[in-house]
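These are the structures in question, set out in turn.
Note that chain A is present in both complexes that follow, paired respectively with chain B and with chain C.
Up next, the complex of A and B:
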C-alpha cells in the first residue's frame, strides 16, 4: 500500500505529520513582546471583548483575589452580554458575579469549585445558561484539547517580567504555584497578566514561561495577602476526628504501599492534616522515604520534604505560607501545572502515580459514589477540585468522615449529586467503622487483620447511622436543571438542579 | 439519558472512570523493594526469559556501554530464541548482536538509530524478522501506549539506591540524563538496574524514581568512560561549513522568532555547533534571553545557561562532559524523559514548544523529505533519533548540509528512505543557496530581504548540484524488505530493503 507521501509501506500507512495527533500541537506562542499598560480599564478595552466570548480566571489568590472583581466591574460597566466565565474556582470574594449574572453579562460558568453568594445565585436558577462543575485535571484537559476555548485569560500575576514570564512566589501577593493558570496561558487567544509587581530583571524558574502573554496590565494591588493563604493550617483537636485519622493511618500503614517510594496526598482539612502528621510519624519510625507528596501543599508536607521524608513535592496550589516559601526556594519542591497534576490524558500525570490519597465527603452512597458538590437539598456548596482526579489516580483512595454530623448521616442511599464515581473510591473511614469497596476484596482481606480497625459493609454503616438519625425526610429536588457535574474526561456524571 | 452509574444526564454520558482514558493509567509500580544480586548471570537467570520475549536497553553510555554486551552474552550462552531487542540506539560496541542475529537468538529489533557491524548484518538481510527504525519520541510513545510491550528492561545505571532510584550523574559511568530509559522503567514487566555503583544513601532528584526496579544487579563495570561522552565537542573549522552556519544563523535571527523567550535546539555536529556559537553571540549582542534550549545537550548550551542566555535546559541526553556536570548541579538544567521531550501524544512535550531546530541530512528530496536512516544504496547507517520529532515540533526546522560532498549531491529526486516527511521541513541551507519549503511562503517572504542569503527553489539547487556531479547512476534497491521506517505516531513512512 502507498502512504500519504507516496511511499510503499507494509501496513499502517503514514497519513501526514499531524494527522494522528491527539492534542493541539502548539502553545499559542505569541510572536511579539507583551505590551505594558496601566489600569485594568485600559486592558479590558484593549482586548476587544465581544458578546458571547469566554473569559477565564485562576483562583490561586483564593478569597483574597481582587482581579476577578476589578475586571468584571469594568465589563459590567461596559454592558457586555452573554459571557462565559471559566474560573478555576469561585469564592465569596467574587460576589460581583451575582450582579453580572442578574444583568445577563455572564450567562454560563465553568468551574471546579464554587461557594458563597455566587453559588447561591446560581442554585437559585438566576444564571441564564449552564454551570458546569469540572475537576481541576478535567478543566486543564478541556482547555488544552479545545473543548473549552478561551478568548481572554486574565491572570493574576504576583510577579511578571517584561518578556511576560510569570512567577507566583514573589511580590506582595505571593501565593506559590500558579498551576491552574498554565492551561489558560497556553491556550487563550489573548492573555492578560494583571500584576502589581512588574520586575525589570528576568524571572528565573517562572510558573508560566515567556511567550504566552499579550498584555501586562499594571494595577495597584492584585490581592489581599490575608485572604490568599492562611498563615497556618491546623490539625483537628476533636477526639472523634483524631480517632478517624488514627484509623485511616493504620489502614495506610498496612495497605502494602507504605514503603520506600511511597507517594501521598491529603487535603488541608483538620482530619486530613492529622492523618498527615500520624503518617509522618510512622515514616520517621519505620525509616521510610517517600517518592513524593502532591496536591495542594501545606506545612505538613513542606516539613516532611525538609526532614527528608519525601524526595519531592509536586505543588499545584499552596494552602499556607510555609508552602509558598518552600516552593520558592526548595529545589525538589516543584510548582506544576494542573495538567501535569491531574489531566487524565497527560501520560504520567502526578495523580496517576499516587499511592494513597485521603479525601473528604459531604455525602457518600451505597455504591461509594461521593458528593462534594452540593448539599442534600441540591444547593451548590463546593465542587470536585481534585477529588475525582486523585480518587481515580491513586492506588488507594480513602474517604474520611464522621458517620453522623449534626444529626445527618454522611451515608445516603443515593448521593444528591455524583462528584466522584464509586468505582474509584476504595475505603470509607468513619468514627463508627470502616467500609471497603466490594470491588477491592484484595484490600479488605489485607486490612481484616489490622488491630483496632473494624471493617463492616457500607450497608451496615448505613444502618448504624439510621439508628442514630432515624429515617431522614426525603428531599425532592426541583425538576429544573441548571447545570452538570462533569467527569475529568468530559463526560457527564450528573445533573445539577435549581433549589 | 442515563449514564454508566445510572444517573440522568443531558448528553455525553459518563461511561466509567477509565473508559475514555487514552493512556495506560499507571506506571507499573512494584510493590516490593528491589532484590539486590551480584553478577549479570544471576540477573539473567532470575528474570526467567522465554523465547519470543522483548528485552530493552538504553544507549546513554553510547559506544562505552558494557551492559548490552554482557547481558546478550549470557542470553546467547543460554540458547534463547526469537527475542526482540528494543534498544534506544545501537552502536559498534553492541556487535555481540551480530552473533545473536546469526544464531536466531535475536530475530527482530526496534531502535531509533543503528550503526556499525550490527547495521551491516541487518542490511545484509541476516535478521530473520523485521527491524523498525523509530524516533526517540515515537519509541517512548510506543512503549507507553503498549504498542511495544517490554518483558525485561536492562537499565545501565550509573548510580542506584536501595529503593531502586536511578541517577545518571554519579559514579564512574556518569553519563547525565537517562531520558531514553524512563519509558522502559515505567512499563517493562521486569526491570533490572545493572550498576557498578549501589549507594547506601537515598539519591536526590533521580532520573528514574523509586518503585519501578525489580532487581538491582551489581557488576564490576557498566561502561568505559572514554566511550560514553566525548570530552569536548568541536566547532567546524571548515570554511564551507562555517559559511553554511553563518547563513543558517542569519535566517534564524531574521525568522521573527529571535526574541526574548526564544527556544532552540541543535545537534552536536561541527556545523550545528558553529550555528550555536553564532546564535549565542547574536543573543549576547541583542540582549536576548531565551526560554530554553533542549535535546542532546553540549557545552555550547550549558555555557549559554550559565551565561543567562537561556532560562532552562531540557536535557534528554548529554553529548559531552560539560553537559553531564551541568545536569548534576544546575537547578535549571532539567534531565527529562524521552516522552516529555518528544512523545507526540504528550501534551506540551518540549519539542512541540521549540522555535527553531537545526538538523542534518544524508539526503533530501524535491518534496523536502529527509533521509538520515540509510545511505544511497539503502544500507542502514543511522536513524531518526529526534530528527522527525523536532522537525515536526519546531516552528522552523532548518536542514544544514553541503550541497555536494565527495562528489555526491545531498539533493535527490526521491530520497532512498524517508526519515522525516517534507511537510515538517522548512528550510534547506547549503553552501550554494538556500531553499524554503513552498508551503512556507510566509517564511520565504520574510527571508527574501536578508542580505547575503540567496533564496532559490530546491529544483534550482538540484540543478546546481547536477552541474557539479553529473547525472548520478541510478541505484536499484533489492526487492527484499527487511524493515520499516516508522513515524513518531506509529505509522509507516517507508520500507527498508536488503542490500
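Up next, the complex of A and C:
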C-alpha cells in the first residue's frame, strides 16, 4: 500500500504529519518497592524472561554503555529465543547484539537510531524479524500508549537510592538526563535499575521517581561516561561549513522569530554547533533573552544558559560532559522525559513550542522529504532520533548541508528512505543557495530581502549539484524488506531494505 | 571589473578547496600553482586547476591562476595548460617588466590568449620598475604586492606595522592609481590573529589599496568588514549625492555640505562609498 507521500509501506500508512493527534497525557501509575540484588546474572534470572518477550534499554551512556552488553551476554548464555530489543538507540558499543541476532536470540528491534556493527548486520538481512526506526518522541508515545509493550526494562542507573529513585547526574557514570528511560520505567512490567552506585541517602530531584523500580541490580561498572560524547561536538573549522552556518544564522535572525522569548534547538554536528555560536553572538549583540533551548544539550547551550541568554534549558539527553555537569547544578537546566520533549500526544510538549530547529540531512528530495536513516545504498546509518519530532514541532525547521559532499549531491529526486516528511521541513541551507519549501511562501517572501542569502528553488539547487557531480547512477535496492521507518504518530513512512 | 576587496589563494592541489572556493565570499580566487604546491605535485595541480576552471560556474567571483615564477622550470607548462581553460585573470609572481615581456613572447609563439594580468610585485627591482609596467603591451588591471619576499630581499624581517613595506606599498598604490589599475596589498600571514589582520587591512585601506590578498578563507570576512563603509560614511555619502542631484536639477554646479564646498573629488568619494555599500561594483 502507498501512504500520503507516495511511499510503499507494509501497514498503517502515514496520512500527514498532523493527521493523527490525540492529546492524552500519560502518568505513572506503578507503585512498587524495589529489592536489591548483586550481579547482572541474578537480575536476569530473577526477571524470568521468556522467549518472545520485549526488553528495553536506554542510550544515555551512548557509546560508553556497558549495561546492554552485560545483560545480553547473560541472555545469550541462557539460550533465550525470539526477543525484541527496544533500545532507544544502538551504538557500536552494543555489538553483542550481532551475536544475538545471528543466534536467533534477538529477532526484532525497535529503536530511534542505529549505527555500527549492529546496523551493518541488520542491513545485511541477518535479523529474522524486522526493525522499526522510530522517533524519540514516537518511541515514548508507543510505549506509553501500549503500542510497544515492554516486558523488562534494564535501566542503566548512575545513582539509585533504596526507594528506587534514579539520578543521571551522580556517580562515576553520570550521564545527565535519563529522559529516554522514563516511559520504560513507567510502563515496563518489570524494571531493573542496573547501577554501580547504590546510595543510602535519598536522591533529590531524580530523573525517575520512586515506585517504578522492581529490582536494583548492583554491578561493578555500568559504563564509561567519557563515551557519551556525541559525534562531532566541536564547531566546524571547515570554511564551507561556516558559510552555511552564517547563512542559516542570517535566516534565523531575519525569521521574525528572533526576539525575546525565542526558543531554539540544534544538533551536535559541527555546522549546527557553528550556528549555535553565531546565534549566541547575535543574541548578545541584540540583547535578546530566549525562553528556552532544548534537545540533546551541548556545552554551547549550557554556556548560553550561564550567560543569561536563555531562561531555561530542557534537556532530554547530554551530548557532552559539560551538559552533564550543568544539568546537575544549574537551577534552570531541566532534565525532562522523552514524552515531555516530543511525544505528539502530549499537549504542549517542548518540541511543539520550538521556534527554530537546525537539523542535518544525509539526503533531501525535491519534495523536501529528508533521510537521516540510511545511506543512498539503503544501508542503515542512523535514524530519526528527534529529527522528525522537532521538524514537526518547530515553527521553522532548517536543514543545513553541503550541496555536494564527497562528490555526492545531498539533493535527490527521491530520498532512499523517508525519515522526516517534507511538509514539516521549511528551509534547506546549502553552500550554493537556500531553498524554501513552496508551502512556506510567507517565509520565502520574508527571506528574499536578506542580504547575501540567495533564495532559489530546490530544483535549481539540484541542477547546481548535478552540474558538479554529473548525473549519478541509479542505485537499485534489493526489494527485500527488513524494516519500517515509522513516524512519530506510529504510522509508516517508508520501508527499509536489505542491502 | 568589479572592485577586488579580497583575493583568496586556493592551493591548486586541493580539489575540495578548488571546487568549493567560489562560495566563500571572496571577490576573486587565485588558484595557486606556485608556493602551495610541492614540486612533485605540479602536474597533478595543473590538471586539477584546469578541471576546476572548466567546471565552476564563477557566479560569485572571478577566478584567476597564479603560475610558477619565470625563474622556475614550470611556468611555460602552466601557461600551456591553464590558458585554454580561460581563467578570468593571470597572476604572474615575481613580476618585473622583463618577466611580463617574456610571458607575452611565449604566448605569442604558442598562440595562447592572455586574460587580464595581475602582476605580483615581490622585489625592490619590481618596485623601482613600476613606471615601466604601464608601457608594456598587456591588459593589466591590478597590481599585487608580495610583502614577504620583498622584505626578504631587503634583508629585514616583517613587522607588525609593516614599516619595512612603507615605500613599496605607497609606490605601488600610486602607480596603480595613476594607470587606473586596482592596488592589492600583501596578505597578513598569521591566520589566527584576527586583530592583527584587522589592523593590517585598516592600514591597507588608509594607504589607498582597493583590496588585500587572503591566504585563509576566514580572512575574507574580516577584509570585507573593514572595507565596508561605516554607517557615518554611508549617511554622509547619501546626503552629498542627494544634494548633488538637487543642485543639478536647479542648474547649479556648486554646492556645499556641512559648511564645506563639494567638488568633483568629494562626489567621487561619495559614489565610491555607495558602491561599496552595495557590495562591490562594476567600475
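Please note the rule applied: the second predicted complex is superposed on the first by the 464 of 499 C-alpha atoms of A that agree within 3 Å, B and C clash if a C-alpha of one lies under 4 Å from a C-alpha of the other, contacts with A are read in each partner's own complex, and residues count from 1 in each chain.
Following the convention adopted for this analysis, contacts are C-beta pairs under 8 Å (C-beta built on N, C-alpha and C of every residue); 3 or more make two chains touch, one makes a residue touch a chain.
These figures come from a predicted structure and were not determined experimentally.
K.L.:
With both complexes superposed on chain A, which partner does A:331 reach: first (chain B), second (chain C), both or neither?
P.N.:
first
K.L.:
Considering only the touch criterion stated at the top, classify A:261 as touching first (chain B), second (chain C), both, or neither.
P.N.:
Only chain B; A:261 stays clear of chain C.
K.L.:
Does the superposition put A:432 against chain B (first), chain C (second), both, or neither?
P.N.:
Once the two structures are laid over each other on A, A:432 reaches chain C alone.
K.L.:
Who does A:59 touch here: chain B (first), chain C (second), both, or neither?
P.N.:
It touches nothing on chain B or chain C.
K.L.:
Tell me the contact category for A:412 with respect to chain B and chain C: first, second, both or neither.
P.N.:
A:412 contacts neither chain B nor chain C.
K.L.:
Count the residues of chain A touched by chain B and by chain C, then name the partner with the higher count.
P.N.:
Counted on chain A, the partner with more touching residues turns out to be B.
K.L.:
Given the touch rule stated above, what does A:467 touch, chain B (first), chain C (second), both, or neither?
P.N.:
It touches chain C, and chain B stays clear.
K.L.:
Considering each complex separately, which residues of chain A are in contact with chain B in the first and with chain C in the second?
P.N.:
none
K.L.:
Which bits of chain C are touching chain A when the two form their complex?
P.N.:
19-20, 23-25, 55, 57, 217-218, 279
K.L.:
Would you pull the chain A residues touching chain C in the complex into a rising list?
P.N.:
239-240, 242-243, 402, 404, 431-432, 451-452, 464, 467-468
K.L.:
Can you list the residues on chain B that touch chain A in the complex?
P.N.:
Contact set of chain B toward chain A: 3, 5, 7-23, 25-27, 29, 31-33, 144, 162-165, 186, 202, 204-206, 209-211, 256-257, 259-261, 289, 291-292, 308, 311-312, 331-332, 337, 339, 343-348, 352-353, 355, 367, 369, 392-393, 395, 418, 421-424, 481, 484, 487, 489-495.
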